[in-house]
Each structure stands twice: as C-alpha cells, then as structure tokens.
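Across the two complexes that follow, subunit A remains constant while its partner is subunit B and subsequently subunit C.
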Partner chain A sequence: MSTEKQSLRRKLDRLFVPLTVGPTMLWIAGIIVYPTLKLLWSSVFWTNPITSQKEFVGLRNFKRLIFAEGGSGTFLGLAPDFVSITWHTFVYVGLSVSISFALGLGIALLLDKDLKGRGWFRTAVIVPWILPYVMSGLMWRWMFNSEYGAINGILTQSGLLSSKIAFFSDGTLSMMALVIADIWVFTPFIIIILLAGLQNVPEQLYDAAEVDGAGKISRFVNVTYPFLKPSILVALTIRIIFDIRALDLVWVMTQGGPGKSTEVWASWLYRTAQVFNRPGEGAALGVVLLAVTFMIVALLYKVFGESPY
Partner chain B sequence: MSTKQSTLGQLIAALGLDTENEWSHVVRERLVAYALLGLYVFVIWFPIYFIFITSIKPTSAVLDIPISFVPTQPTVSNYVEIFQNRPFELYTLNSLIVASTTTIICVTLGTVTGYSFSRYDFVGNKTLLLSIVGARMIPPIALIVPFFSIMSNPPLVGGLTGSLYDTRIALILTYTFFNLPFAVWIMKNYFDGVPESLDEQARIDGCSRWEGFVKIILPMAKPGIAATAILAFIFSWNEFVFALVLTSSEQAQTLPIAVSLFVADDFVDWAHLAAGGMIAALPGILFGLFFQQYIVSGLTQGAVKE
Partner chain C sequence: MAHVELNDLVKEFDDVTAVDGISLDIPDESFTVFVGPSGCGKTTTLRLIAGLERATDGEISIGDEVVNDRRAYERDIAMVFQNYALYPHKTVRENMRFGLEQHDTPEDVITERVTEAAELLQIQDLLERKPSELSGGQQQRVALGRAIVRDPAVFLMDEPLSNLDAKLRVQMRAELNKLHEELSTTTVYVTHDQVEAMTLADQIAVMDDGQIQQVGAPTHVYSNPRNMFVAGFLGSPSMNFIEGTLERDSAEKLQLDIGTDTHDIPDEFADELEAYLDDQVVLGIRPENISLNQDGIAANVHPATVQVVEPQGEKTVLELDLDTGQTIKAAVDPDTTVQMGDSVNLRFDRDSLQYFDPQTGESLTYESKSEQKLTA
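Showing the complex of A and B:
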C-alpha cells in the first residue's frame, strides 16, 4: 500500500468520531434544542388573535394560568381551573400508575416461573401496548358505550343490572373508564421492564432463602426486591412521566368531559394552544409540564436513593 | 379409576408439571399460575375481540340490542367501504412513508453515533450523552407550540420550502425528535455488550476504523438494529398528537388521525371506525406476535441505566 493511501486512511480514521457523532448532534440541536428554546421564548409573549402581533408580557401567561384574578377567595389564591385540572391529573396518573404497577408486578412474577407456554403468554400479554393509543382509546369508548357497549351488554344481558349505565355522562365514571384504558395500555410496559429485571436475580439465592425457611413475602423483600429495585425505578419513572404528558386516550375518549371533569394537563395544554389559539399560554403550560417532569424524575431518584447516571 | 388417573397424568405431563417430591404443592402452584395468567389474557384480549367482531358485523347490526358477542353474518363490507368512501389508501400510504423514513433516519444516525459513544472517549462525550438522556425526558406535547410555528414557517430553509404545515416532511422531522435520542441510547447500550476485542482484532488485521465498523461490528449488531427499527417504526406509526397539530388533510394525515375522524360531534360510525382501527392496529399486532423478542430486548436496552 502506498504511503499516500495510508495517510489518507489515517486522516479518515481521525475523522471517525466527528463524522459519526457530528450529524446526530446537529440534528438534535435543530430538532430538540432549538424547539425547546423557542418554547421558553414563546411562553413570555402574547399573540393578538386578530392581528397576530406578538407582545412581550414577561411572566403574565404563567400568572394568568396559575393564579386567580384578584387572588382572593380561592385555595392559596390559585386559579380554580388550575387546581381542579392538577387534581384530575394527580388522580389519573396516581390511580393508573399504582394499579398497573401492582398488576404488572404480579403478572411478571407469574411469567418468571418456569411454565410451559410462557413465551405464548408473554406475547399475548404485550400486544395492548403496541397498538395505536388512539385505537385503544376508541376501543374502550366503544366498550363503555352507554347503549351498545360490551360492558353494558354483559351487565344487562346477564341480569346483573336492570338498566344501562351512561358512563361518559358522569365525571367519576368517565375518569374510571380513562384509568381502566390507561392500565390496559401500559401494564405490558411494566411487565416487560420488571420481567427483564427478574432475570437478574440469581437462582441460588432463592434456593438459599428456601433452605433458611424464608416465606414467600420475606423472599420477595429480601431477595427479589434488592435486585429488582433499578427496574422498578425505571418502570415507575417512565410510566409517570409518560402519563402526565399523555393526550391520546383522554382526547379520543372524553375530550376532558363531561364538563371539565376529566380535563388533565395534557388536554388543557392542547386546548389552550390549538383549540383556543393562545400559543403564549400553551407554551407557558409546556414549560410547566417540562419543569414538573424533571422535578418528578429527580424526586423519584432521590426517594430510591439511586443516581440516574 | 385407572383411566382417569392416567388422563390426569397425561395432562400433568403435557403441562410440564413434574411429579417429584412435593408434587401436589408444585402442581397446585402451577395450576394457579396458569389460571391467573389465562384469566388475565382473556380479560385483556376481550376488548380486542369485541372491536374485531364489530368490524366484521354488517354496519346496521352493530347497533342491535341485545348485543351479539358472536358475529352471525361476518362481512368485510366495512373494510371495503372505508377504502371506497374515504381515502384510506392515502392515510395508509402516509403512515407507511412517515414511519419508515423516520425509522431509516433514526436507525442510521443512532447506530453510528451509538457506536462512537460506546467506544470512544472523546471531548464532551459525557455531556452529550447526558443531553441525549435529558432529551428523552422532554414531553413532546410541551413542544406543540414551537413545532407548529417552526413547521408553518421553517427557519433557514423557509425561503426554499415554504410552509411545511400539512406535509409528511413535517411529521418525519418531528418524529425524529423522540425517536433519535432513544435510538442512540439503545444502540450505545447494545454496542456496550459487543466485546471490544473484536475491534482490536479488526485493527490488527489491518482494518481502518471504518472497515472494522462496517465489516466486523455492524453484522454483530443486527439484533440491536432490528430492535431499534421495530420500536421506532411502532412509535412513529402510532403517533397521534403531532399528527393532530401538524396536519389537516389526506396529503399528510396518518391512520391514527383517520380513525379518530370517524368520531363526529354527536355521532360515531362505530362499524367503520372498528374496521379502520383494525387496519391501524395490524402492524402492531403482527410485530407483537412475530418479533416480540426484539421489542422486549429493545425496551430493556433502552431502559437500563448507565
């Protein structure tokens, strides 16, 4: 090989890292960093809906969304909408995550057993998570339909109920339907992550615990949990931050209704920015959502006493 | 009596239930596990079954009372009609183009970048990796305002392209936003599991970095690439929020939007919605049934921490 060729090879080799990392970083700068900066920028402007003129308003968008006008007679001076929507989000995320976590852990422990046909069960269990959320949401809206839905059909045709339930006319029942749909969609994710974590538990430790006469619960707490902890943390973190941002199910099932009884942050943000065409306030809500997400992640890692990196 | 016992014995053998020492205890535990798993699978598959039979009922039979849970006159008319009365072939085409282009971009960039992150200790390595992890946490919905304005009036290239609103390009660019960091992260973790001695061997054999990567490492990374590609495809195929914000006609609308369009203000066309929903769900069901191990490994690789 000629020396000229060799020096070219060496030059190309030196360019390996810049050429493999550079384009991705440029792409990320354009498609993630720039929009995020633009989000912060948009959140301090108000757009006149008629003239489309932008006006710098400082933190007024945040103030308007979070605090009541006049600030008296309400809880801590907060806007009633902000309080109720935050509460709905808390209920929705809290119930969905905790129930699907308990369910997912149970199924993962069952699937971790040395059963024949385990692979078949695993496949069957994962599918709901892979379907488009829109289709899943509409499917559950159909299941809960007040006249022709399967749930009312089963309840009345079996004689358990004499009249049908109008699930989506009632705020609490609508929230329940949303939570059930959410659990249905996202439990597979918990199962996958926890099942992978369970593979890390050394088999000998179970045997040792059995020899020591440890019961099932003590075995879980002392043997399984320490090895499963990182997976639990990952599953919970991703589950919570994905639920706070989730619009799909809420939007196709209830659109926040009836009234505002199932309005959550994500649907509020979408409604403010797109339906009411108030981009400044929509951006302000986006900033709040971003901050809350990072706070939750930091909090979870602190509670579990692990470092994310 | 004896035949009964042997049938039970056969059943136990078929289920793989050993008849060792504490066989009754083991058998009982396994039977309970099968029963619980079976019940769970039945309950979670029932809604899918119900929407499927809705899609193959005659349109008017969907609103029959009492509700029939077994279709008596199955028909494909709902499927045919959504292609006749609505541009479902365009929605499907949009979904295919958007999801596959996004996948190709993310897998290509994710693979080469993931490899460099895994192997080389370059300046800013840690900071960049950290920013990728951080980027994965940004809620996409938080960015609908900037993305809407960027796509309506693209900076730098705006003079060339004009508005990108209601184009497939807008969706592809936006979808790389949540898929690219994920792809880099999965591939980095995957390459971490490929022994570095292979790189060294390639170097000793006289390969340049590029040759070593392409000839030796890349073939080893096929399962990781498959996992990344399948997940990126599914995430893009299923995406709804940005499609809702950035498109308004069949020249860019994807299947999730098409399905949601069956919901009018007061009236929902359930029979046709169910058919459209099944079409939108098809790739997911197929991937889930045939490539389950890739989905699991991709998600696990993507979730593990440093």
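Showing the complex of A and C:
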C-alpha cells in the first residue's frame, strides 16, 4: 500500500469515532443538556412582563416561591402555597402510584397464570393507556360530572345516594376523582412492565421452590420478587416521573381547583410560567421539580436496583 | 430410604399422552435411570414422581404410601434440575439452607447438615458465593448439595449433567457413582445419554413414546434388547439391522439369506425362528461384533466395500456398503489398514446376533436368551 493511502486510512480511522458517536452526542446535547442549562439559567432571572427585559436576580425566584414573605408564622417559614401544593402533589402521586402499583401487580400476577381468555384480557387492559391523556381526562370529567355524570347516575339510581354529588366543588372529592382517573390511565402501564418481568422468572425456580416446600408467599418473596425488581424499578421510576410532571389530566379535569385544592407541582409550574407569565419563577419551580425527581429516582435505584444474578 | 412403585401411570396434556401406562418397581437404595430420546416421557415421569405434575391416572407409591395427592414437599424427595435451578440472588449457603428453613428445621441441624454436605461435595470455600460466581461444575455440586441436605428418601435427577462439558461430565458421573455408594439413597435419574445411563444405573428403564420398552440391568438390556427400538437406542454407533429371508439349507438347518451370503442360525434359536421359515427376519448386529475376515473362511462371509474410515482412538469405525447396497457400520481394531474403497469380507460374531420380527420390531430370541442367562 502506498504511503499516501496509508496516511488517508489513518486519518479516516481517527475520524471514525467522532463521526459515528458525534451525531448522537449532538442530539443528546440538544434535547437534554441545552434545555437543562437553559432551565437553570432562566431560573436566576426575572423577566419584565411588559418590556421582556431580563434581570439577574440570583436565588430570589426560589426564595419567593419556597419561603413565606417575612418568614414567620408558617411551617418552617415556608410559603403556604408551597406547603399545600407540595402536599397535594405528595397525595396525588403517592396515592395513584401506590394503588395503581398494587392493582397492576395483582393483575399482572393473574395474567401470568394460564387462564382462559388471557390473551384477550392482556390486549384489553392496554386500552386506557393508549388513549391520549387529554381524552381520558375529558372522559373522567364527564363521568364525575355533578349533573349528567355516569358515576352520579349509578350511585343515585342504585339507591346508594339520595342526591347527586358535586365532585368538582369539593377539594377532597376532586383529588379523589383525579387519583381514580390517574389510576385508570396508568395501571395498564404497570401491568405491561411487570408482566414482562414475570416472564423472565425461570420456571424451574418455581419447581425448585415447590420441592423445597415454599408456600405462596415464600415463593413470591424468594423467587418472583428478586426477578421482578428490575421491572418494578422501571415501572415505578417512569410512573413517578410521569405523575410528578402530570399536567394533562389535572388541567383537563380540575385546573387545580376548586380554589387551589388540587393544584400540584406541574399545574403550579404551568400556571406560574404560562398563565401568570413569570418564566423565571416557572424555571425555578422546574429546577426544584428536577431535583426532587432525581432524589426519588436515586432512592428507587437504591431499593430496587439490584440484579437478581 | 424407600422404594418407589409406579402402577399404570398415565399423564395426558390436552391431546398428548406423555406417559402411557407405566408400571415399574424402583427398589430401595437402587440407582434407576430412565433413558430415551427427547419427548419419550422420561422427564414427565420424573416430574410425576416429584409431584410437580399430577397423574391423569395410575398410582405412585414412595415407601409403602400412595403419594398421588401429596404436594412435592410432602413426598420426602429432593430434586436436581437440568439447569440447576439455584436461586440466583442467594448465596450457596442460603440456597442449601432454603429447603430446610421452609420445613422449620432447627438452626443447629441446618448448620450441621449444610456443613456436612459442603464437605462431602468439597464446596466449603464456595458457601458465601452467589451462583453467578460459580462454574457449571460448581453449580452442579451446589444443586446436589441442596438435595443432600434435605436427607430425602428419594433423589430425583433430571438430566443433571447435560449442561456440563464432556470432560466435566465424565468426572461428575464418577462422583455421582461415589456419592450413591456413600449415601445409598434411592435415586431416580433421567437422561438421554445412553453412556450415562449404562455407567450409572443398577436398573435401566428404556422409554419411548410414553412407554417403558425394557427394564433391567444395563448389561442385560444392552446384550439382550427386547425390541429393535431398545437395540438401536443403546450403543454407539448403534446396532445394524439387516433384513433377510429365513430358509433351510441342504442339511435341513435354518439359515438366513441376507443377500450377500447366508447366515447359519444357531441351534438354540431354531425353535423360536422356525415359525418364520420362508419369511422375513431382521438380523441385528452391533458394530463391535463385526470383524474383517482375514482367515480365509469361506462360509457366512459377507462381501462389502469400505465407504468411510473413522479412526476414534480406541477403535476405528468403518462405514461399509454391503453388496446388496445396504450401509452398515463396523467397529474394528484401530490398527486396521483398510482404506476407503477397499473390498473386504465381513464376519458376524454368531453369539452376539439378535433376531427381530420386521413387522412388530420385537426380538424373536429375547425369551430364550433371558433363560440362558438365568441358567448360566
């Protein structure tokens, strides 16, 4: 081979890695790194709503959102809105994730058995998840409607209730409606992920456990659960991330109301940034949301991150 | 310790009959091997004994008790699985303890049994490791250990050596033999490997199509197969089958004309074969019972052409075309000088011949050979 050809080949060799990995790196930088940096950057500015001029304010946006003005007479000096909205988010995410997880696990275990009509049922359970969230939200808003909603209809016509309930006029009932809708939408996702995990459990291990004399609970704890852990990790991580940033259902069903009784972090962020036109404070909320999400995911990895092998 | 008895055992899965009316007595302290090709029902039979499958019909007794309605863990058995089935997230020690813990065994007994089994299997140094940190052979030992600590009445082993490489398999085979010698626990073993079956078993049960084709001591089953399936399944290379016509020679003696030459029928089989006069009979001959005729004998000699020469170290396997066109195999002395294309004359060892009915595949000489053996 001539020296010219050799040097060309060496040049191409050197370029191989940047040429193949480069586009992906650029893409990741474009969709993850840039928006994150932009979010951090925006969170320390205040934008004049009239002139759109930006002013560096340091951590003032965070302080305004998180701490009460004057800082006295409230829980740990925190802003009442921050406390109540965080509590709503905790209730919303906590209840819907835990209930849909328990339901999803139960259904997945059932569907993993050799039951008649299992194939049909497996397809049917996915339906709520493939519907657009906004459509599901609209459907449930109609279901819980105080005048012509199906739920009120069933409850009154069956004689369980004497008069109709105005679900969306009461904070607790609105939150309950949101949680129910959320469970309906996301349980199928849990089922699919956990069912995939259950298929990974080697059948011989169940046989070994049967011979060893392990009961149903012991079999679940000692055989199923260790193999299910990676799937539980994926299911819970995605589920919690989805719920923390869930805007669609909340906005379509309650818009955070009545009052601020169902306002959660995602709707608060949207309202602050888009409705009240305070992008700096919205970004600050986004940063807090990001930090909290990271912490939860880290915790989940700690608990469920161990491979069965 | 206990003997195991199977009575008319049947297992059906939807339309498939996996086990079709098996009856077998597995004596106490014996090492019984179920051997047969894939899908013959041997593993299902083992799973039925284990209680991992419910019998459609028939009876299974362990000791003197019928155990059909007992769960696996109530049958006093321990099982070693083909893929070891070790709990991957548990250490070796935890794997071995698990079964005992489920039976609320006192802690000191658990510790003692695990230590003893670990010493017996020489896995003391591996107790704190996880299965993924062990080699295949070590995992196999742990699987055995898990069975041993239970101190069961019966060991059930489902192709436990099939995932090991050839060398390790031979080594583990010897160790299993030693272990059985030491523990004397009744063992039921399933394999598709006939060498494993022959070397391990006191009693071998050859299965095909959900039925036991023949039961007996390995050497007996090998030298006196009940039918063509058993004859062809045991032995490598497998037995040659040559069809011929039974006729009388000028001295009124029975002989089989297999096309290349006639073959004298030994007198002791004359009575059984008489009925097949002028009819087809299948001659069965093992490759190692065929020799190259170098003595210039003229009678009962079968001309053939060498097609393939396979030196295998301790023997050389020849693939030969008889003049009738049929291909047979012969295992001859490794020093043989024959080459591909050579014309040779073959002699069949008269004492090792088998005769079968071509329609039913049943051995025509099984009964008299068994009797001969008993008299001897």
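As a working rule, the second predicted complex is superposed on the first by the 279 of 309 C-alpha atoms of A that agree within 3 Å, B and C clash if a C-alpha of one lies under 4 Å from a C-alpha of the other, contacts with A are read in each partner's own complex, and residues count from 1 in each chain.
Note that contacts are C-beta pairs under 8 Å (C-beta built on N, C-alpha and C of every residue); 3 or more make two chains touch, one makes a residue touch a chain.
On a predicted model such as this, the values are computed, not experimentally measured, just so you know.
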{"item": "First (subunit B), second (subunit C), both or neither touched by A:287", "value": "first"}
{"item": "First (subunit B), second (subunit C), both or neither touched by A:133", "value": "first"}
{"item": "Between subunit B and subunit C, more extensive residue contact with subunit A", "value": "B"}
{"item": "Touched partner set for A:211, first subunit B, second subunit C, both or neither", "value": "second"}
{"item": "Partner chain(s) touched by A:110 [first = subunit B, second = subunit C, both, neither]", "value": "first"}
{"item": "Touched partner set for A:165, first subunit B, second subunit C, both or neither", "value": "neither"}
{"item": "Which of subunit B and subunit C A:189 touches, first, second, both or neither", "value": "first"}
{"item": "Partner chain(s) touched by A:223 [first = subunit B, second = subunit C, both, neither]", "value": "second"}
{"item": "Which superposed partner A:198 touches (first subunit B, second subunit C, both, neither)", "value": "neither"}
{"item": "Overlap of the subunit B and subunit C footprints on subunit A, listed as residue numbers", "value": "308-309"}
{"item": "Residue ranges of subunit C touching subunit A (in the complex, touch as defined)", "value": "47, 50-52, 71-73, 77-79, 81-83, 85-90, 98-99, 102-103, 130-132"}
{"item": "Residue ranges of subunit A touching subunit B (in the complex, touch as defined)", "value": "9, 12-13, 16-17, 20-21, 23-25, 27-28, 31-32, 34-36, 38-39, 42, 106-107, 110-111, 113, 115-116, 119, 121-128, 130-135, 138-143, 145, 147-148, 150, 153, 156-157, 184, 189, 192-193, 195-196, 230-231, 234-235, 238, 241, 244-245, 247-248, 251-252, 266, 269-270, 273-274, 279, 282-283, 285-287, 289-290, 293-294, 297, 308-309"}
{"item": "Contact set on subunit B toward subunit A in their complex", "value": "15-16, 30, 33-34, 36-37, 40-41, 44-48, 50-51, 54, 62-63, 65-67, 69, 109-110, 112-113, 115-117, 120, 122, 128, 130-133, 135, 137-150, 155, 173-174, 176-177, 180-181, 184, 208-210, 213, 234, 237-238, 240-241, 244-245, 255-257, 259-260, 262-263, 268, 270, 273-274, 277, 280-281, 284-285, 287-289, 292, 295-296, 299-300, 303-306"}
{"item": "Complex contact set, residues of subunit A against subunit C", "value": "202, 204-205, 207-208, 210-215, 218, 222-223, 226, 306, 308-309"}
